[in-house]
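Presented below is the structure to which this report refers.
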Amino acid sequence: MNFASAAIEILSALTTAANLFVIAAGLSLVFGALRIINLAHGSFYMIGALLMASLFALGRPGVLFWPALLLAPLLTAGFGAVLERLLFRRIYRAEHLVQLLLSYALSLILADLALRLWGADSRTVPPPAALAGRLSVGGAGFPLYDLFVIALALAVGLGLWALLHRTRFGWEIRAAVEDPEGLSLCGRNVPALFTAVFALGAFLAALGGAAVAPLQAIGPGMDSSILVSAFIVTVIGGLGSIAGAALGAAVIGFVQAMGTLWLPTWAPAFIFLAMILVLVIRPSGLMGAPARAWSEEE
Amino acid sequence: METLLDVAGLVKRFGGFAAVDGVSFEVAEGSIHAVIGPNGAGKSTLFRLLTGFHAPTAGTIRLAGRDIAGLAPHRIARLGLAQSFQITTVFPKLSVREQVAFALIAQSPTPWRMLGGLVRVLGGQGVMAEVETLLAEVGLAEVAERRAEALSHGDQRALDVALALATRPRLLLLDEPTAGMSPFETERMVAMIQRLAGARRLTVLFSEHDMDVVFSISERITVIHRGRVIAEGDAASVQADPEVAEVYLGSAA
Amino acid sequence: MATRARLGVGFALLLLIAAPWVLPTAWLLVLENALVLALFAAATNLLVGWTGLVSFGQAAFYGIGAYTVALAWLHGIAPFWLAFPAAPLIAGLVALLTGAIALRARKLYFALLTLAFSELFYVLAEQLYDITNGANGIFGAMVPDLLVSPRPGFYFTLAVVTAALALLHRICHSPFGLALQAIRERRVRAEALGLAVAHHELAAFTLSGAFCGLAGALYVVHDQTAYPELLDWVKSGEPVIVAVIGGISSFAGPLWGALFYQIAHDALVVLTRDWQLVLGALLLLVVLFRPGGIVSLFPGREEG
Amino acid sequence: MLEVAAIDVYYGTSHILQGVSLAVRAGEVIVLLGRNGAGKTTTFRAVMGLTPARRGDIRFENKAITHLPPHAIVRAGLGLAPSGRRLFGNLTVAENLALAELPGGPWTRGRVLALFPKLAEIAPRRAAFLSGGEQQMLKIARALLAQPRLLLLDEPTEGLAPVVVRELGGWLRGMREEGLSILMAEQNARFALALADRGYVMEKGRILREGTTSELLTASELATHLALGPRQRPAENA
């Protein structure tokens, strides 16, 4: 393997990792604030991608790419908000088996509904003309769209950091991670905040799905394949930590790139081995979420 | 009387904060001994150190001469120190009889020996009879078939004590045994403690906020405040201690 | 067991023994599938329902049981009658080793670790092409002819499942089973009472893995094939869902769940393509409104 | 201004409060005395809607608040400074304060910082790293910024050094002069009674006694319930 193709392989792995970060950040955010495990997170990713494909197809080829990239996640976020009000709200205090099963049940239902609405055929969305080319560096042609996905993930990461540390909404989320009751004593409507956080999580999953549309075929089955990867990233980083999600995505990206270069067939196994290794050494991930203050009181 | 529990120079720090800051006291075999102190004095931490749920930063805890500081909770339990908890911690979905039986068989060392039938492994009827004796002793024979979650608060606390007794302890640790109880339930619990200490020759170490209970049954009282022992003695001497009064009534602002 | 329960079990066994002479072959196969699933679910429930350990990786042991029989045949290592009893032993051994690692984590992290192990074995089965035929799977005459014909095959499965369930029932209702329930209810208190909790959890994990392996070996008897998806986490979800739908707090729950699930699945797959939708909706309803599962619908039958 | 009428509160199946009634009039400082586990914190939780009462009524300024969610109760004019280390430890002091500030009342961050100048000094520090006194200050400041007309203080002296306790007394007198009504739960009876107009004594989930400060200071129950004197116990020779 020469340098050029190795560089492209690495970029491709980085692109996957960047996109995984966007999705895992949503999963982690929802876990941190709501203490809920959402196995339907992959469904939001799939719905985002499918909506992207449908919205894109509404206009003349290429015209609606950017509006669809924004609108698909927004619509999914709205849908997520509805699900939070109807279902997830009931199980915040339930044991994790109930949370796992309820969200798994939901993912089954959504997978079937998606199959009904969009059919079994896979769809494609071409990248916009401006990003269709390659950037030539040292004999290697990097697909511009891959670079865009990486830039988008960086923007999402910075945006989330700014949101969490520089806005009142972000302070509320961070406060809710520690002590939702205390937040309600500050006169903040915590249930409404939780709906918003859940919607934001769905938004990030769907954004990941919409952004990945030009890179792969869109169709049924996307949900379960991404879910395991997103969970690995989140768990390696530590559930509930956005920075952890970034770190987890970086670890997975690195492992995947190295695996692809040297032992392509074993790359998937390395990811699981990495997760097992991290959890054995640090049973709550690299940057596990802080426990809620009041649950530790004697 | 022999010393059963000997605590010397016990310290537990969390970060920079010393919750228990050099506590020493002795509990005589067969006595009823109270540890009291205002909220946040360090009683809960002290109890967690004794039962092995925290490892001490420094100091020794000797149970019948053997240092148990830092041992795992189940090891300490096997050495004869049992506790009932401040927040009732019975097993909600098991029946009263089942969980007392469980507490008895939990003393058996390996999982593999427990795979057989209940009665056979327990060595015939003897152990089931012990379950019934224990239930009668704490006054729960009539509700033996009920799930613990369906019991009254007082009965749950009694069950909690029965579970601790099932480990055949030498020292029984009771963390606020009458907390949240009605006056009637409180009297039942007090009577039970006295009966156990009398009939079973059990040593009882307990923490308690209800001073009536403390002064009516304790032979010796250790007062702690801010992680340190500030007074020790019998009821009369502790009541007369000005520092204790200060700690409990507070000082005017 | 209460007299009524004994009578119920005896009656059910009589029905099952009569089944090959009454049911058409297609339905006999459905029933056979249900028996294997019942064992898989009951074995998983030893962890989920009894010990309170939610594992999303029991398919690993199911698959290992299946692959033991299939690989022994493919490479001529051992005859079926040796490979079959070896399957639960090997699955149990792997469970012992992976459990020792997975049980270091708690609750959700434990669930995800079991899932990771399951996926790891899945990848191994898929990538070790020279040994396992990879994604193509293994198929062929790996089972003695006798067991392939419907009636003897059914009776063999029935006999193995009955014996295994009897053993599992015994375990669940032994002092060991009581200890597992105590761990589920309040782990810390069980430890304070002197129970070696970690050893008990590992023992439960190992036993569960062995019984899952046995179920996997029976799957091979039934379908004469082994393929990587048998080890996938989606497969791991199946016994958990079956147990929950049936009712995890009783021994009989997963058995009823398996019967219900298999019949509903095989009937609905013919009628509609929305099996997943129905299953998801059903699971949702059970989790939200009937946490006791199917068995909680029967009057006066809380414990099995 | 606050009327609690015969409320019953349960945690799961255990009956914690049994027919608790109390009242606070505008401008009063009321103290709720009682041992650990007497039900003081639960009473506050019920008033704030954190553990809603199963029976009985709670009215604030003649408006029923029994079944309102906590944030609505806060916005109706009630504030609680909870006991223990209930702060957002990962947020800075400044963030804690900004989060707590609600518009439309007398308390601004500037005014609160004037009352607690120390908080301005430590504004960039994470709340988890504050001393006990600083934490108490921040908790009270936070509760004030929600613009309460009645402030509930749960164990304000808990874990404080004597010097800080005296200082706390000063803050509370200051707040009272600003026209704030205060309902305070305390174990430190002398501290609380020195500040209060009236008080209630709780035991085992019930109100045992109500009276003015001077009545309570001399009442023999107080000595028996809070302090060390043994009480007559009728049937106790089992």
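Chains here go by letter, A, B, C and D, matching the order in which they are written, and residues are numbered from 1 within each.
Heads up, the rule we're going with is that contacts are C-beta pairs under 8 Å (C-beta built on N, C-alpha and C of every residue); 3 or more make two chains touch, one makes a residue touch a chain.
The structure presented is a predicted model; accordingly, all values stated were derived computationally and were not measured.
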Steps in the shortest chain-to-chain touch route ending at chain D and beginning at chain C: 2
Per Cα centroids, the chain farthest from chain A: B
Chain B and chain D: spacing of chain centres that average the CA atoms, whole Å: 32
Intercentroid distance (Cα basis), chain D paired with chain A, Å: 43
Mean-CA-position distance for chain B and chain A (Å): 49
Multi-partner residues of chain B (each touching 2 or more other chains): none
Overlap residues in chain A, where contacts from two or more other chains coincide: none
Multi-chain contact residues (two or more partners), chain D: none
Chain A partner contacts - residues on chain C that touch it in the complex: 48, 54, 56, 101, 104-109, 111-113, 115-117, 119-120, 123-124, 127, 233-234, 237, 240-241, 244, 273-277, 279-284, 287-288, 291
Residues of chain B touching chain C in the complex: 51, 53, 72-74, 77-78, 82-83, 85, 89-94, 98-99, 101-103, 105-112, 114-118, 121-122, 163-164, 166-167
List of chain D residues in touch with chain A within their complex: 48, 50, 69-71, 74-75, 79-80, 82, 84-91, 95, 98-100, 102, 142-143, 145-146
Contact set on chain D toward chain B in their complex: 13-16, 35-37, 155, 157-159, 162, 165-166, 168-169, 187-191, 194-195, 204-205, 224, 226-231, 233, 235-236, 238
Parts of chain B lying in touch with chain D, wherever the complex brings them together: 38-40, 149, 153, 176, 179-183, 187, 190-191, 194-195, 209-212, 215-216, 235, 238-239, 244-245, 248-253
